Structure formats: structure tokens, C-alpha cells
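Following this message is one structure expressed as C-alpha cells.
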Amino acid sequence: MAMVCLSDFEAYAKKYLPKIAWDYFAAGADDCTTRDENILAYKRIRFRPRMLRDVSVMDIRTKILGSEISFPVGIAPTGFHQLAWPDGEKSTARAARAMNICYIASTYSTCTLEEISAAAPGGLRWFQLYIHRNRAASQQLVRQAEALGFQALVLTADLPYTGKRRDDVRNGFRLPPHMKVKNLERAFEVCKMSLLDPSVTWNDIYWLRSLTRLPIIIKGILTREDAELAVRHGVQGIIVSNHGGRQLDEGPATIDALVEVVEAVRGRVEVYVDGGIRKGSDVLKALALGAKCVFIGRPALWGLAYKGEEGLQDVMRILQDEFRLSMALAGCASVSEVGQHLVQFSKL
Amino acid sequence: MAMVCLSDFEAYAKKYLPKIAWDYFAAGADDCTTRDENILAYKRIRFRPRMLRDVSVMDIRTKILGSEISFPVGIAPTGFHQLAWPDGEKSTARAARAMNICYIASTYSTCTLEEISAAAPGGLRWFQLYIHRNRAASQQLVRQAEALGFQALVLTADLPYTGKRRDDVRNGFRLPPHMKVKNLERAFEVCKMSLLDPSVTWNDIYWLRSLTRLPIIIKGILTREDAELAVRHGVQGIIVSNHGGRQLDEGPATIDALVEVVEAVRGRVEVYVDGGIRKGSDVLKALALGAKCVFIGRPALWGLAYKGEEGLQDVMRILQDEFRLSMALAGCASVSEVGQHLVQFSKL
Amino acid sequence: MAMVCLSDFEAYAKKYLPKIAWDYFAAGADDCTTRDENILAYKRIRFRPRMLRDVSVMDIRTKILGSEISFPVGIAPTGFHQLAWPDGEKSTARAARAMNICYIASTYSTCTLEEISAAAPGGLRWFQLYIHRNRAASQQLVRQAEALGFQALVLTADLPYTGKRRDDVRNGFRLPPHMKVKNLERAFEVCKMSLLDPSVTWNDIYWLRSLTRLPIIIKGILTREDAELAVRHGVQGIIVSNHGGRQLDEGPATIDALVEVVEAVRGRVEVYVDGGIRKGSDVLKALALGAKCVFIGRPALWGLAYKGEEGLQDVMRILQDEFRLSMALAGCASVSEVGQHLVQFSKL
Amino acid sequence: MAMVCLSDFEAYAKKYLPKIAWDYFAAGADDCTTRDENILAYKRIRFRPRMLRDVSVMDIRTKILGSEISFPVGIAPTGFHQLAWPDGEKSTARAARAMNICYIASTYSTCTLEEISAAAPGGLRWFQLYIHRNRAASQQLVRQAEALGFQALVLTADLPYTGKRRDDVRNGFRLPPHMKVKNLERAFEVCKMSLLDPSVTWNDIYWLRSLTRLPIIIKGILTREDAELAVRHGVQGIIVSNHGGRQLDEGPATIDALVEVVEAVRGRVEVYVDGGIRKGSDVLKALALGAKCVFIGRPALWGLAYKGEEGLQDVMRILQDEFRLSMALAGCASVSEVGQHLVQFSKL
């Protein structure tokens, strides 16, 4: 079977992953409305393509927080990569470095931060964290990430409690015994969500700031009000995200929320978006609406499930080719030419 | 089979109830457009969830007409609970008391008001009534309800005649011989809809008021004009309802009508809503749009059909957990923080 | 099988009519978009029902052109009733008289006007006509209709040529040899559409007026411009119609066009509507939007196909009961209380 | 099987063409959203038909760039007609001449321009071209077209690179060995897309102008901005086109883009449109929105696949009859009476 587009990898993963793993990765909260809306919302955006512009030399590189990446797509933080491929996050790290893109390693990795770092020295990596009830544990992870060369911290803001994913409840989902959430093993028992502290507030950004000189990016913002608060509390970036539709169902699609966040931020910090990106032209739409870069979650896991780091590179190369082509067909030769004039919201 | 969400109970009830009973509970008027719209309309409302608010201590209690309930969901008045479970409304009353919620007992109960009261002394209960052609019969029921400790009267306004429910006509629906509408047995023959008086007008509210000191709540209001009339005629509460889509088909979904009723009422009386609530986040949406409490009809019957009072408690506990979680994920630690800022109507 | 609603008759007719006859009656032009839109457009209209109004005495009678009818539904002109039932239009006439409603007999009847008149003396009937190339033939039909006591002429304006109904082309539809378009037999060969004169213009209304003292109603108007022209040329009534979606596909649904026609007419003449009415509440919607009466086409044929005049009466009685009930549930005790306040267009 | 409407030809072609050829003709870019939207967008446009206008004498002729055509439909440039019928573009040319319509011959024809010209001397033909990296080759083609009596040049602007058509990738589509892109054989190797020059800009219009006295029409314009640029660079016509949805997916439907292009052009040059036309009334809609003529791509290929030039004439005659009928039913006797008043955009 030829792997031509991302849905080919999805079909593969659905067919070959154990059902419990597929269900875990695919899960959305409640009725999965928001998970599906993330995708549908892209379909309601129409390009306004421009013709006869010199697109013979295409430059799709961009920078995020000052680091150059080969194109504006990175790997969103998702947990438990060993469920998709034996080498887990080590494969992810290698693929990301090979593609010269940013990989946001999840706290809920099945490899340690050291293993991830050692697997692909020099790769551009950010570390995603939660604030735990035991602040010392969070502090330790932050310091470790900084020491290992992770270049930013991504604080997930939308998980004071875990969303209700019906299939996981039905399946009684838990990690197989031979897999561990290794980053948390040291300080806690494994995989107890109650580790997370639901009392966290904006002031904890100051506490986090006090621990590290790394840029802090906040992930999970969906409203202009919270975007304004994020900027005022000194973050360096915002990831517009609804956790892949796995937390509060029936919130906005991320590409819709992006518009109001970008408007509120007015360029003061970088804005990124994840959720629902399935082809290169989705990336172009997100950039046109103000995102500096997008991150993909499930498609990266499908790539891993297909062939480990090679499979993930296949996914990324397809996205890259599609992104380049859609830029050219829309009349843009470089990312700097992409702007809101390229898109309009469909009346339907 | 794990009971994870309310639709699991629906599937159970559809499978195990006699077809004629399932059809009766499920029935909507005519094309069932409004019955289904009640549910679909919730899907068009999107949350605007807020992040990093301390949601470590959740308080989901509220008060209706001064009585505290464990969370803002009650049991709407539906008839013939013995069709769902042998103990009928006695089980319903026990479950409601166990959950510390409000149960609106229907005139068309298959247990008497005394039996309902005796089954769960001290529970918070309201009594739903119609105004009958024989006013003395209505008066007797009102006095009996008051004497038995029911704490409010709920006057149903939308049933001058019974709606046309095609499946009931096809099935020739009638109660099995061993069940009776016991509350009406004394004064009338059983189950003749012509008992109801279609000449009732707003002035009859004054007559009802003259009979009792109980608060009067009017159920079945769908427009701002009638909401204003209700307030002017001195009711203590309004239930925005379209009778589960069983009366006039193609009226508004109740959650849509709620908006204009709340706007018209301007806080002068409490406003509740029923119809279409299928998960905890629907409750949150109704509260955000101004409802003080919601009432569920069919899902309560599914719970009864599953395991009697235990099953109904299962349904309520799921709703409670989902409601608490959706509040937390939307950034609200108590019901008092819920407001219109939490939601927006989808453009689609 | 119980006949509970109009779609039961549709299912019966589809099952028992010869395919070629069913296809002819069901046919719409081209993609059948307008035929289907006629129905869907009703679904986008929502009631705003009012409560607690005395609906104990219901009066659903109304008058059209001064004649009282039992409720505001009549029989639209459709051709070839013998395809549905051996007695053809004679049965239709009898059913209409029994129900005390108006029957618009079609030029393309399979019975003569004399036969129709003789079948149900004293019934309220209008005669639908086209203007033929041979004006003398039209003149003869007009005079005959007037002599036979038809009380109005309905000039069809939307058929300068016959619409393209794909199924009829595929089936090679033509009348079985034992049926005739008897009204036209005298002056012409049978069933040649080219009888109709595509050069007819508004001035021909004056010519028609010169032939008769009967009121002239124009059928097939869909725009405010043509409504204004109709009034200015002295017609007594307008039927908003798209010929059941059988002529120009992708024009407006009739209930949508009704709104602009009523607005343009400003009460100067009576406005009626046909197309897409399938239940009593559709009638109520049409009246709320300004129609004085509605006419049904295909449902009348389904009734005929079911049991001749009895079947047609069954259809009409169901519509009547549904109309009365929906009026009561919307809070109207008589047709005079029905107004635009009763409805709103859904945003969806 | 009777061929009644264009979709009958589509069904035939799908059934009888080799899968690889069908897939090539049917292909859209990426998710085929735009390909399908081209059709759906027509459905959202509603006619406002006018009645009682003399339509006894219908004149559906029009002129494009001064040449009279029998009705406002031409044949869009599509490649590889031998995939549909052995005689390829020679059959197309003959059918077009027989119908007295305009045929835009594609650079990617499987017959030479000489063969096309010789097959149907005197037919109205335009030549579609790309600007190649080797400008001398483009120049040679332009001069040859001019010498052979082609009456205009159609410069395709929307293909700096070929869109991603997944089925073609999966099928490994390429021409069978016995077919050649004969027009390009002389100067290049066959069928290498990299012949096209992605550095082309608006200034190249001036270069093209310097080579020929033929009118230049630009094809692939979708925005008002590019329409303005086209006029300013001196083209004689614009074809609003998205290449049948084969280039950038999720751009606008062409009939939607037509509106803004016509508005921007303000009558300074002729505007045409292709994409999604499937029946005569679609042509009428395009004309009402300002197109001077429409061009059909895939339906012409289905006609060829059915019976070569005869099949293509069948397709065109059906369109012609449908167009004439829809004009008459909308109340227009000649193309000059068609205007924007005839249509409105559906709110849905």
C-alpha cells in the first residue's frame, strides 16, 4: 500500500495497533465533538490563491523562538510512544532531528529525558510539563530538562483533571506492565493522575519562571481573555490547543480559537496551534491566520506505528511536500509572504 | 456492559423494555423534529473554557426555591414509571432522596402521592399538575400534595390537548390493565385525556394561587411574551420546556428558548429547563445561559429501566461526575462562577 | 397498516401504483432539488407557541374568495387522476365536496368538466387552465367552466414549456390508451404539450378577463415583481407555486417565496400557496406567513391511490385534525388569531 | 440505457473507461473538496423566475470575442483525449464545429495542432498554453497556433507545479506508450511537468503579447486582485477556473469566485467560467452572475468516452436543450435578458 497522504498512515495504525492503544490515541472526550471539529473547522476555511507570482525558488523554513526549523511543523507532546513503537520517544527524537523540526517531549514519555536526549543529540527539543502537587518533583524535572539542553518549557494548562474518554473507561486503559512513565518514576508512583495539582493558577507561572531561564510556553489557551493573561504573566509563547479534543468536549476548534488569540496577542509573543492538521494546506491556513508554527499529535503517532522513526519521517516529508506545494499554488514563495489575505471563512 | 454515559442506559432500555413502553417514552410529536432538536441544539453551543483557575475544591451544590440540592439536576415529571420498573415512582422518589436532588412527581404517576411520600420521607419533591375540567379534583390534588409535604406545584401549560405521537397511535398505546393512574382514580375514570381543561388561561393561575401557599412553577413556556405573562401572574418559577418534543412539533429547542426567557425574566423568578440533556456539559451550558437547575425526563426512565432506584442513581452519579468535571475543565470551582461568558453559539 | 400521517399514504402509493404512474406523480424537474426543497423549507420554520389561551372551542373554518371552507386546505390542480384511481377526478370532486373544501380541477383531467360537475353538484370548484395557441379553445373551456358553476379560473403561468422530468423521459411516459385528456379532445389532438402558447404575456390576462366574470387567480408566481404585476393586471388571487418542483429546478421553495409575495401584495388580493405541505402544522406555518389557504397536490393523489374518494377524505381528515391540534398547541382558537408572530425562521 | 442528462454520461464513462483513465479525468487535488464544491456551489444559487414573458421565440446564441456561438457553452482545455476515445482531439474538434461552439485545445493534446485543425477546418478554436522554461518552445507553439487559425491564446496561470492528485499517485498514472503529447514532442521530452516555468509572473503577459496579435485570455483567476491585474496587463478575457479542483484544494468554487471577478472587471474584458457545470440551468446561473460563456471539461470527456464526436454532440445538445428550457422557464427569450436579477444566493 502506497503511503500518499496522512490518512493512509491513520488507516495503517488503526489496522495494526492493538485496539487498546489505538483507542487511547484516538480518544476524544465525551462525544468526541471537539476532536472531530478540529478537523472540520479547517474545511470551512477557503484559500484566496494568487497567480503568476514567481514561485520557482521556494523557502519554507521559519524560526520559532529564534531557532530555525525546516518548515513550520513540529511534534506535539503526546504520551506513551512505546505503545506505538518499541523504541518510543527515542525514535521520535531521531526523526525530529533528521527533519530539523521541533519535538516537544511529553512528561508522560515512556523514555526518560536522558534517553531522549542521548538518542538524538543536538536536536531542537522542548519539554512539556504539568505542575505537580509535589512542587519539588516539578522543579527537579525542569532543572533536568534545562540541563539536558531542552530549549523551552511547555506548561500544559488544560488538564487540572483528566477528561472523560469513554473508550478508555470501557477498555480500562492502563499502560502494559513493561512500560513505565519513566520521568515520574523517581519521585512518584507511576501513572496516577492525581499527581497533577488542580489548584494551579496564573501565579504559578511566576514560580515556574523562578526555576529556570528557559522560555515558558503555555499550552491549552482557547480564549482572548486567557491569551491576554498569558502575555501579562510573561510567557514567551502560546500553543492554542484543546488537547486534541481529549479534555473539555464542545469547546472551540483550535483553528477557530487561533483567530481570537492572535488578535489578542498582537504579536507580543509567538502563537502556535495544534489539533486537526491532516495535510500541508492545513499548515498554510494556520500560518495565514497568524500561527508561527503548528504541532501534530496523532499523525506523528501513526507514523511511529507504521515504521518507527522512518515512518514518522515519511509523515513529515509528506506534510512538507504538501505544504510547499500549497504555498506555491497559493502564490507564496516564502513563509514571510503568507498572511491573512490568503484565506477567508466559508459562509457554510 | 459498562455503563459509562447516558446513552449506554438508553441502549439498555431500548433493548430490554417492551416495545410499546420504549415507544411511549421515546415518542415525539409528528416528525419528532423538536424532540431531536432539543439534543442537537446543545451541540451548537460552544464553551469558552478558562485555564489556570484553582479548581482543586469543587462545589457543585446549588439551591432551588431556597432548598439546597447536591447539583443542579432534578427529575422532570414523566408518567407511568411502572412501565419502566415494577416499583415505579417509589423507586424514583428513593433515588432522588439518596442523591439529594428534586423530584417532580407527575399527576400521571402509577403510584399515589401518599405512596411516593411514604417511600422516601423527607425528600425534596414538587408536584406536577394539570387543571382539570372538574376543578374540585384539581383542588383535591393540590391540597393533598401540600399536606404530604410537596414543596411546590408545577403547572403544565403546554397540554390543552395531547400531541400526536405517531408510534403511540400505531401501537394503540394504553396502560397495561394492572397499572393505574392512581392519583386520578378517585375522582375520575382512568386515563382519559379529556379530563384536562383546554379552556385554561392565565387567570387560572390566580385560582390556583387561591388554593395553596405552595410556590407555583409554570412548565412549558417557550417565548419571552409568555415568560413576561408568567412573572406578571405571580409564579415563583418557570420551566422552559416543550414536553420533550411530545406536544407541538417544530417549536424551538428548549436551550434556544431558554435564552429569550431568561432575558425577559431578568432575574425576577427562577428559570429551569428540561429536554435534550444527555451529559454533564449540557447541564453546564444550561446554567451558563441562565438556568438555575435542569430536569431530565427520558434519561431518568432509562436508569429506572436498568436497575430501578439503583439504576437511576447510576444515571445521576454519572451526570454529577460529568458536570463536576466539565465545570473544572471550563475553569469554574463553584456554580456561582458559571455565567454567560462560558459559552457562545456556534456559527454553524 | 394504520394510516396515521400523510407519509403512510405516500408509502402505500409508491408500493401499489404502477411504477410509471408513481414516477409521473413524484417527478421533479432535473435534480428534483426544488421538489425536495419545498418540503425542507418548512422544517426551517419554527413555531413560537403561546400557552394558556382558551382553546376549548376551535374554529378552523376560513373563507376563500368569499366561500366558506371547512379548513384552509384545498386540492391543487394535478393531471390524470385516473392514473391513481379508476373514477379519477369524479372521486376527487366527491371527496372535496364531502370535506367542504375547494377543488381546483386541472385542464389535464381524465374526466370532462361536465363529469366532474355531475359527480358532486354544488361543490366548491375552481378550474385551472392554460392559454392555448388556439385561443378559441381556451375561450370555449372558460365559458364551459363558467356555465358549469366553477367559481374561479386558475391560470397557470409557469408552463410555457414542460419542465424536464428525467424519469418521465426515461419511462417514455404517456397516458395509457384507455385514458384521455377529455377536456382537450374536442379542439385538439390529445396530450400534445405544444398546445400551450409560450408567447403568453401579462396582457393576456386582460383578454381572459374579457371572456368571463369569474375571478381570475394566477398560479406560479414566485417573486415580488411578478406579484406586483399580477395585482396591477387585476387578478383576484395568487397561488405561490413552483408546480411541485416540476418546472424550473432550483427556484425558491414556495414557503420561502410566499413571504416576499405576501409582502408585495399588501393584502390587495388573496394569496395561496402549494408545494411541500405534508402535515397540519405546515398549513399553520403557511397561514402564519400570510397564506389564506394552501393546496395539496401529491398527497391528494396518494389518498386517491389508497381508496379513491374515501382515501382522499382520509388524507384530508388527518390534515384537518393535525391542523386543528397544531393551532390549539400554538395557542390559537381560530384562524383569525394566526399571524406572523407564531413563527420564526431557524438560523440553520 | 437512455442518455437523459450529463450524469448518465458520467456513469457510462466510469463503467467503461479503464480505471486509470477514469481516475485521471475524475481526479481532484488532496481531499477533492474544491472539485466537489464546484458542483455544490451551484446548488446554493436559487433562481428568481419571472412569468408571462413571451418566450415563444428563443435565441440562445451569443458572441465571445466577437465570434458567434450557438449557445454560451464551450469545451474547456483538458489533456489526453485519446484516453477517452481513439481519435482524441480530432473528434473533439469535429463535434465542436458541428455544434458551432468554441473548443479550447490543450497543449497536452494527444493530437497535434495541425491534426486538430485539419480535422475540422473553419471551427472556432482557441489554444491553451503554458509558458515553458524554454521560451523558444512556447514561442513556436504560439506562432503555430496563430498560423493554423486558432483565434485566441488561453494562458493557464494556476499550474506553476502540478497539484497533488492522490489517485494518480497511487495509480502511478502516465500515458500509455502509444499516446504522445504531440505538441511538445518536437522541443522536449514527453510529459515532463518540469517543462513548465514556475517563475512566470505578470510581466510575462507582455512577452506573450509581443509574440502574437491574437487575443490573450488568462485562465485560473479566482480573486478580485488578480482580476484587476489581468485587466491592467492587457488581457482580452479571463476564465475563472480552479483547474477543475485539480490544483490547490480548498480554494473557492468557481461560481462563487466569478461574482468577485465580474465585480472587479466591471465589463472591461469578457469573463468566462469553468468547473462544476452539470446541467443547462448551471449555465444560466453563470450567465446571470456575469459570465459571457462557460466551458465544460469532464462532461466533454464523458461524451467522448461514450461515442466519440457523436457522444460529445449528445452531451452538448442536452446542455443546449436544458439551457434553452431553463431560460424560457426563467422568463428570458434571449441571452441579453439574462441578468443578476434572475438569481439569489440561498441562505443555506
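Letters A, B, C and D name the chains as they come in the text, with residue numbers starting at 1 for each one.
We adopt the following convention: contacts are C-beta pairs under 8 Å (C-beta built on N, C-alpha and C of every residue); 3 or more make two chains touch, one makes a residue touch a chain.
Predicted model, so just to flag it, every value in this text is computed and none were measured.
Undergrad: Call it same or different for chain A and chain B: same when shared residue numbers make up over half of all numbers used at their interface.
TA: Homomeric contact, different residues on each side for the most part.
Undergrad: Working from the CA atoms, figure out how many degrees chain B turns to land on chain C, in steps of 5.
TA: 90
Undergrad: Just the number, please: Cα centre separation of chain C and chain D in whole Å.
TA: Here the centre of chain D sits 42 Å away from the centre of chain C.
Undergrad: Averaged over CA atoms, how far is the centre of chain B from the centre of chain D? Could you give it in whole Å?
TA: Once rounded, the distance between the two centres reads 60 Å.
Undergrad: Using the touch definition from the top, list the residues of chain B that touch chain C in their complex.
TA: Touch list, chain B to chain C: 30-31, 33, 44, 157-158, 160-161, 163-164, 166, 169-170, 197-202, 204-205, 218, 220-223, 225-226, 229, 247-252.
Undergrad: With touch defined as at the start, can you tell me which chain A residues reach chain D in the complex?
TA: 2, 4-5, 43, 45-56, 279, 281, 285, 321-322, 325-326, 328-330, 348
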